[in-house]
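Below you'll find a set of structures to go through.
Here come two complexes built around chain A, the first alongside chain B, the second alongside chain C.
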Partner chain A sequence: MSVQIAGVASTPFGEHPGSSTRELFTDAALEALEDASLSPAAVEELYVGNFIGDLTDDQAHVGAMLADAIGAQQAASVRTESACASASSAVRSGVQALEAGDADVAVVGGVELMSASGLGEVTDALANAADNEYENEAGLTFPGIYALMAQAYLHEFDATQADLAAVAVKNYENGVSNPLAQRQEETTVERVLDSPPIATPLNLGDCCPITDGASAAVLVSDAFADEHGLETTVTFAGSGQSSDSLALQDRPDLARTRAAERAAEDAYERAGISADDVDVVELHDCFTIAEILAVESLGFFERGEGARGAVDGETAVGGRIPINTSGGLLAKGHPVGATGVAQLVEITKQLEGRHPNQIDDPSVGLTHTVGGSGASCVVNVLRTGGA
Partner chain B sequence: MSVQIAGVASTPFGEHPGSSTRELFTDAALEALEDASLSPAAVEELYVGNFIGDLTDDQAHVGAMLADAIGAQQAASVRTESACASASSAVRSGVQALEAGDADVAVVGGVELMSASGLGEVTDALANAADNEYENEAGLTFPGIYALMAQAYLHEFDATQADLAAVAVKNYENGVSNPLAQRQEETTVERVLDSPPIATPLNLGDCCPITDGASAAVLVSDAFADEHGLETTVTFAGSGQSSDSLALQDRPDLARTRAAERAAEDAYERAGISADDVDVVELHDCFTIAEILAVESLGFFERGEGARGAVDGETAVGGRIPINTSGGLLAKGHPVGATGVAQLVEITKQLEGRHPNQIDDPSVGLTHTVGGSGASCVVNVLRTGGA
Partner chain C sequence: MQPWFVEFAERIDDGDPFYLACEECGAAALPPRSVCPDCGTQTLEERSLSGTATVAASTTIFSSIPEYADDTPYTIVIATFDEGVRLTGQLRDVEEIDRGETVAVDVESRGEDAWLVTFAPTG
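Presenting the complex of A and B:
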């Protein structure tokens, strides 16, 4: 059997003052169900990524809350949490539930409401993705953690702060064409280099924003699609997920993300493809350095060569391997628990030929989502085809 | 294909001052792997239930933390959260991963460290399983929520506070024989009725304790068991999971748990059995009333008749349908995120004939785990057999 993507939706990403987690997710899920021409009564499994709802909203148990909210009390409902990769784990679990034969219709999604909390509070909450005993207690925050990774990269390879900034320039530009993106302005290498330093070598322009948002996708078995006459055109091709040391200090090389390498290898094998077959990618650019590490882990560039992707235009819309045509986390925004499914939404739109930054005739797309500084990573592969 | 239970373990439940989440789970997981005669290097999937680690320990992303801690960085690692049913969702996801053909070896487990936080802090954290907007803001805590359910039951049916207390008497007695149980003392109906009132009609003796603990189980495909000569004797037979209104106020009947009814129906259908085929049960007695509601939802007693189960000895070890031979949450303890797998550990030991309160020759066992006041429920069914 194969799993089809029957419908997708994201809310606009940005600040949603006055909206609740419940409202944001309901908007995304009902729109995805409408896109699939299905009602909430059809949903058998609901997997929702959410990272810090208990810290920002005093609300855990969000799987059940959201099954209730969207009108799908009959469904099995679970929150999956793998830090920033939470929603991509939700996708993987939804696919497995269908492949196991336990269900024919799953809604997978994610939601995070971050802007209502103060910046200090959000920074503290985000630190829950790092190793509390060994990193947070020592004063590290996520910009600091990625700055250490960036320092290692710039030290080890022939790359500069301007190369990091080129990633932001590309992704901000893509975001301008995406009506759902949080940032709607272009930038330049000079502006990124002149933006306030956050944790050297990362400046404000190298960092993704604090975002509210929700995303959802409807997965159906091919048998269900056939039986109900659903015209699906995108198929789930395979996934990989792996882990790494939680604390940066335990890794042999700070300029390398091993969980991503393993996840990509597994995903390619299960999908029966290689990196060369991938036409379009949404990956985890929470900071500019993260995109560079990712394109290397995914096999699109040799180690130490990833920095030239944005500089030379190879990762631009229309380039050799278009990366983050949505604007990525840097411009589209990063509502942590929703990000993995937001990436899936964007790739599905590319494969269906209805993306605002549409590339020519893609047939294989990929999402790459990282938990924390890389202690978990999920790679999901989609292809055109349908039931 | 079928999924086998290859090894199980729980830490002692109780207070573990000075132990970390990492240490507790590692103890349980490594003991379960030893029980299965497997090394951490064999683990492909790790699903860990954890409810409030980010509130008690400032630590989320515990799937990756624990994959790292047990020496299984190669594994896909995910935290599942469905309030008090978190670990039973982990079991279900682990089974689905194997049935989907994505892996041959999964560790499923759970962990919670609750005693280090103050009682007020823990009560607030537990409230994250209820509806924050509509219940917590109105001042409800979990003893209050279950007291409302108990009041409705005593009003609707011919049952008394003494009938509730009989559940505690039975489960405390079972706990005395279980070396892993937190409470190691018997009680009487009079002592429960004389214990301090918590939320009428529930007294202190009607409430489960605050517990630290971890549990783990190793699941393998039958092909893997055959290939590696593992002698497994317990097979996963089927599961069901469903949802209900998050807030009590939205339910038509407070003395009924609809998610449990639906989950049981699904689990029985998938396992190809009826309630009459079940020989031994671990169910979610977070309060005495919860056991009475559960035995009715699972079909062991008609509605309104569940209260006589403990009074008449039908649910005792050696009774018609032995319930919570481990001592249950009331006596064994309730480390929230670990509870569902702790139940699986106890049922596995019963089916393997090595339980401290062994019943005669059981062939089908069941776990029932409730999230919050019943907005989610997971029922997992095991049977003797093996690969």
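Presenting the complex of A and C:
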């Protein structure tokens, strides 16, 4: 029994003033269902990632709210929360429900409405992913945590701030061609280095923006696809999720993401592949340093070599291992609770051959989503095949 | 703040800082834990923590959460104690500090049952 990706959609990412969590998610879910040629009445399970809605909207119980909003009151509905990896956890839950034979149709998605709150309020809400007593109460912000990881990395491996900036330059360039991306403009190493400091050594140009957006995917069982004549191209191949200490201070190596290493190993084993088999990747570049740590944890580069990826063009659209052809979180945007499914939407489009930055004939794609500073990580692998 | 952190901070304030050592595997950890993060046994014992530590990483924060927005720029340090635990705090007395330098730990009161961990160079 395998799980097929029958339909995918994301809203445009950016600012949606006057919109709401309900409206944004409904747009994405209905478009994904239309892409799958299914109606909301077919949905048996709904798993939806949402991270800070309790704080920004004063609204919990988001699963039921969104099942109701998309016209699927009959569905079992659950909100999943693993900080910025919430939507990738939703994907896992949907896949597991189908693999267990509990259902044949699941909608997995995520939504976050961030721009309506002030920058301070959003920064405060996002900080809930960190350890409250040991990190937030000390005045350590989220960019600050990644800045500490960046400083440790730059010291240990002799990389430079310009190497970090090269990640932003590459991902911004990819975002230019993505009509759904929040930032559709190029940048330069100089511009990143000259942008205002946020938490040294990270500047504004090293940081992803505040984003409103929603994404959804329709998962169906093989049997359902056969029975209903659904033609699918993309199959879910395997998944891994792991945890690490909540606080950065408790990790023996500040410049290493162990949850990602464990999640990748598990996902590769379940998918029956190795890192060398992966053709295209969407990974969690919430800050430039995060992409460098991720490409090492995923096995695409040796430790200390990850910074070469963007500098040498190996991770560019035409490179050895294209990373974040959507523009990534840096350019596409990062509606935190939606990001994991947004990544899945992009990989599905690549494997279906309909991506704005299409690479040549990919057969295996991967998403990597991080919660907090690495205390959660989900790796999902997709492949061509279909039903 | 949680009661366990208030106790942890008050012990630093009293000049009697502590950490948790695993009697089984020797791992060092900070409260609140009953299970050793390394070996999983429940044999953590409270031990005295030295008052000085070595800077492992630091960052100067220019854009902060509302509680600290008026304090920017300020520097955050992760420092490693000889016993093996690391702690996060704000740097005092100087604006920047290099990796490997020695710092002394302290706390500042931020109101009732609210404490901020700080580090200052010993040199």
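Keep in mind that, in the parts below, the second predicted complex is superposed on the first by the 387 of 387 C-alpha atoms of A that agree within 3 Å, B and C clash if a C-alpha of one lies under 4 Å from a C-alpha of the other, contacts with A are read in each partner's own complex, and residues count from 1 in each chain.
Please note the rule applied: a residue touches a chain if its C-beta (ideal position, glycine included) is under 8 Å from a C-beta of that chain, and two chains touch if they have at least 3 such contacts.
All values reported here derive from a predicted model rather than from experimental measurement.
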### Task
Could you look at A:320 and tell me whether it touches chain B, chain C, both or neither (first, second, both, neither)?
neither
### Query
Which of the two partners, first being chain B and second being chain C, lies in contact with A:243: first, second, both, or neither?
first
### Query
Which of the two partners, first being chain B and second being chain C, lies in contact with A:97: first, second, both, or neither?
first
### Task
Could you let me know whether more residues of chain A are touched by chain B or by chain C?
B
### Query
In the superposed arrangement, which partner chain does A:121 touch: chain B (first), chain C (second), both, or neither?
second
### Query
Who does A:144 touch here: chain B (first), chain C (second), both, or neither?
second
### Task
Check whether A:196 is in contact with chain B, with chain C, with both or with neither, and answer first, second, both or neither.
second
### First (chain B), second (chain C), both or neither touched by A:262
first
### Message
With both complexes overlaid on chain A, does A:136 touch chain B (first), chain C (second), both or neither?
### Response
both
### Query
For chain A, what residues appear in both contact lists, the one with chain B and the one with chain C?
124, 127, 132-133, 136, 245, 250
### Summary
In the complex, the residues of chain B that touch chain A are 20, 22, 46, 51-52, 54-55, 57-61, 63-65, 67-68, 72-83, 89, 92-93, 95-97, 99-102, 124-125, 127-133, 136, 239-246, 250, 258-259, 262, 270, 371-372, 375-376, 378
### Footprint of chain C on chain A - complex, ascending
120-121, 123-124, 127, 132-141, 143-144, 147-149, 151-152, 155, 196-202, 245, 247-250, 254
### Task
Can you check the complex and tell me which residues of chain C touch chain A?
1-2, 5, 29-30, 37, 56-69, 71, 74, 76, 78, 86-90, 99, 114-117
